[in-house]
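The structure appears right after this line, and notes come after that.
Just so it is clear, A, B and C label the chains in written order, and each chain counts residues from 1 on its own.
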Amino acid sequence: MWSYLLRNILQRLVVLVIISFLAHTVVHLAPGEPSEVDPSNPRMKAEDVARIRAAFHLDDPLHLQYLYWMRDLFTGELKSFKDSQPVLPKIWRRFLNSLPLFVCATLIVWSLSFPTGIHAAIRRGSLYDRTTTFLAYTFISIPGFFLSYLVILWVVNTLNVPVIGMQTFGMEDAQAVYRWMDRLWHLVIPSFMSAAAGIAVLSRYVRSQMLEVIGQDYIRTARAKGLPAETVMYRHALRNALLPFVTMFGFLLPALIGGSVIFEQIFAWPGLGRLGYEAILARDFPVILTLNFIAAALTLVGTFLSDILYAVVDPRIRLQ
Amino acid sequence: MPTLSGPLLTISDLRVSFFTDRGEAPAVRGVSLTIPAGQTVALVGESGCGKSTVALAITRLLSDPGRILGGQVVFKGRDLISLPEPALRAIRGKEIGMIFQEPMTSLNPVFTIGEQIAEVLYVHAGLSKRAARLEVLRLLEKVGIVPAARRIDQYPHELSGGMKQRVMIAMALACQPDLLIADEPTTALDVTVQAQILELLYALQQELHMAILLITHNLGVVAQFAQAVHVMYAGKIVEQADVHSLFQHPLHPYTRALLKALPRPGHRAERLAAIAGTVPTPFQYPPGCAFASRCPDVRGHCPTAEPPLTATDPSHKVACWLHERSVPP
Amino acid sequence: MADFTRTGVLAEPLDLPTPETPLQEVWRVFRKDKLALASLGVLLLLLVVAVAGKVVTEWIIVMNPETVRLPEKFKPPLSSASADLLLEADLPPFGVYLLGTDELGRDVFARMLQGAFVSLSIGFIAVGISVLIGVILGGLAGFYGSVTLGFISIDTLIMRFTDIMLCFPTFFLILTVVALLPPSIYNIMIVIGLTSWMGTARFVRAEFLALREQDFVVAAQALGLPAWRIIFYHMVPNAIAPVLVSATIGVASAILTESALSFLGFGVQPPYATWGNILADGKDFIFDAPWLFFIPGFAIFTVVLAFNLVGEALREALNPKLRRR
């Protein structure tokens, strides 16, 4: 068992290295210079440009730049091209801002999708099923920012829910309780909007998994044994239907990071997505690459945990 | 076991159809049969004739496009078709046990076999976990799964097909039901294992004085174990008799064709006598006898007039114009 | 005893229904979903509109989406053009702005027509690329999977590569590449295509792995048929079902991605109109000229919904296991 784990971890490390290399190559091969050292930037004098280029190793061959990046990343010395601030603390701060949004959105998605999907499967063809199906398709098909703006328009005028930023301006001086409530209030709309498409997709998937399991022979056996309907559904069927979802945990993270770019832009949320967006605009390679690297690393960790979890819950896999 | 005054199970004019998007497919078109207590009754027919549907309909285990349209299934004095769900559930697994054709997929892969057998005991016998576990060990040994203590905590995928079927039998018999419905219990198993499973069923039947409804397409099995046989074709019973009469004096052309089609050991280099033609599609059954298109003795009125099931003998009934006294107009 | 191997003599022949072809069966099941049928109609209409739009706005210019009419800006839909302020050539057809004008006085209807074609073509080409890559890689992995190149098998190599691609946050990757490359519609199509083939590859590989074991493939090999013929004539048609479904849904997803890119400013650049960038421009004028935001948004929603519904109905129709019979 340990050899399996070790091999798994090693494989993932190799993948991580390959990803970092690919990302590095792609980013550096693209045309366009970091704004600081762009020859057309009027604010920079020629000698400053030369100095900065030397400091950031921008004229060195590609593989050397990669090594420099890796070295600086792991020693914590990596500096942003945009403002020469250390990259890791910057990312960390923004990550802390994004975290409540991620956590809230994930909680909403997973806690709403399962009951909806399961209920729709058990009552297949009913009004509930047809309604939730239609709603799901609606949320999948509507552009995220379109829906967000619609909701913002409605919510700001009628319900007075805040939709900009993480906290109300000037709240820093208020008491802790009020500050925290304000933050929570600010979390509501962005997390629901981030979660909308996820709920739609996941609940459909839950429904189809449940339906497939309900059609299996062993469910018929369970009914033939005279078990009550709830036992058949929630013990026999659900246990089997839930298995694939364990593996989906790992892929949550890239989706969240990708989606956060849009939603953080709409709601002016100073998080990771926005950091990435600003870095792209400024061609801030270290930040872009590090974000990609961290996202990939987190995904690999996530899928690793999923693999382990899957082996735990599915007895058929355990013995291998 | 108290003796009943009448048969254990009586099916009267059972009708089941499948409502698909291609229309209605009548799978069971007025089937009647009785199962006396302690006896083995065989329901024979080729794939698609509706025999499995009859088995599922008895305890209302049919799934969606299938619906019971009419008829009665009287079990120990009560009609199962109209029984409310909770009462039916009390009978399923406790008084009527069922085993299915595909042992590979009939067991839940995420629970141990011990848990799955014990479940029946929790629900119907109210046993505690400890008492149930002991009983499960006893049952496993009885169905021939040894060493029981090692197997009880194993998962279905760790067992062979034959063992899985034994587990199914243990599950079905845990509460000592009066009737066991066995839907093609050996079809999916190897030949050597088939014999073992059948021997096991026979032994358990003797011990528990249990009736068995044996659904099969294997006439050899029928000859060995059944006391009464019902032959089904295209949703209807075309002949029913006690096993000796059926094999010695088959009356219906279909039955005779089935018996003729059995390969006989010792006769080499003979062409197998297949039955020409195919079963009519359920979406378009002819108004008359469904076997007419393949019958070597077909008469002019056969395709249009439905022959009724009539007795030529106290224990032998057949639905065929060849054996009717009155000819339809 | 009668000879049972001969058929009996019948009074009249029986009328057996002719079995339907797989295509007929798929269509029959598909037809049952009324919503999907309606969506198919919408998509066909969209195709017509897109082609007509391209013709009308670029080839035989009846309406010019690029005409700037500053005095006419922010006119609501169905308002008539002020003939006295404009040149003859700048007047919209019938003298009416069907969907109003935008901040530069451009006819929104004309822009939407032009955008229809562009948005659709982005969707189709991006999906085309992703399907091509997915089928090739998935097919290779499934068919030649056990062949080893040195120490690693083709299957493992391709699957690891797929896993690597799945680890990238897709939208972030697209954004990065599109932002760093010179802005061009082709870049967007190619990038979306290059980052969405993974699902198709997995489906195709799974199907091929299953198909390869089936008897008809072994029979074909026994007959000495060359591998490429077995793959393309025999296996691909059987594996095509999930690919078709994910392609349909993929077009919807590509259109949404394009609109998200436009929202962030990295989509197709002016003067080309796509529904995505019309929507993105419109968001600045939600209060002053709400039609600039709602019309493209609603259009994208309808089209994407139609693709999704058709895709799902196709999935039901093509998969015998999922069907309700």
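Definition applied: a residue touches a chain if its C-beta (ideal position, glycine included) is under 8 Å from a C-beta of that chain, and two chains touch if they have at least 3 such contacts.
Nothing here was measured: the structure is a model prediction, and the numbers come from that model.
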{"item": "Chain separated most widely from subunit B, comparing mean CA positions", "value": "A"}
{"item": "Chain closest to the middle [Cα centroid of all protein chains]", "value": "C"}
{"item": "Of A-B and A-C, whichever chain pair has more C-beta contact pairs", "value": "A-C"}
{"item": "Rounded Å distance between subunit B and subunit C, as computed from the means of their C-alpha atoms", "value": "50"}
{"item": "Euclidean distance of C-alpha centroids - subunit A vs subunit B, Å", "value": "54"}
{"item": "Separation of mean Cα positions, subunit C and subunit A [Å, integer]", "value": "25"}
{"item": "In subunit B, residues with contacts to at least two other chains", "value": "none"}
{"item": "Touching two or more other chains - residue numbers and ranges from subunit C", "value": "324"}
{"item": "Shared interface positions of subunit A, touching two or more other chains", "value": "215"}
{"item": "Subunit C-facing residues of subunit B, complex", "value": "18, 20-22, 64-65, 256-257, 260-261, 271, 273-277, 280-281, 283-284, 286, 292-298, 300, 302-304"}
{"item": "Touching residues (chain side subunit B, partner subunit A) in the complex", "value": "59, 61, 63, 89-94, 97-98, 100, 102, 105-111, 119-120, 123-124, 155, 157-158, 168, 171-172"}
{"item": "Of all residues in subunit C, those that touch subunit B in their complex", "value": "1-12, 14-17, 28-29, 32, 324-325"}
{"item": "Residues of subunit C that touch subunit A when the two form their complex", "value": "160, 163-164, 166-173, 175-177, 179-182, 252, 256, 259-260, 263-264, 279, 283, 286, 293, 297, 300-301, 304-305, 307-309, 312, 321-322, 324"}
{"item": "Touch list for subunit A against partner subunit B, complex", "value": "215-218, 220-228, 231, 236, 239-240, 243, 313-316, 319"}
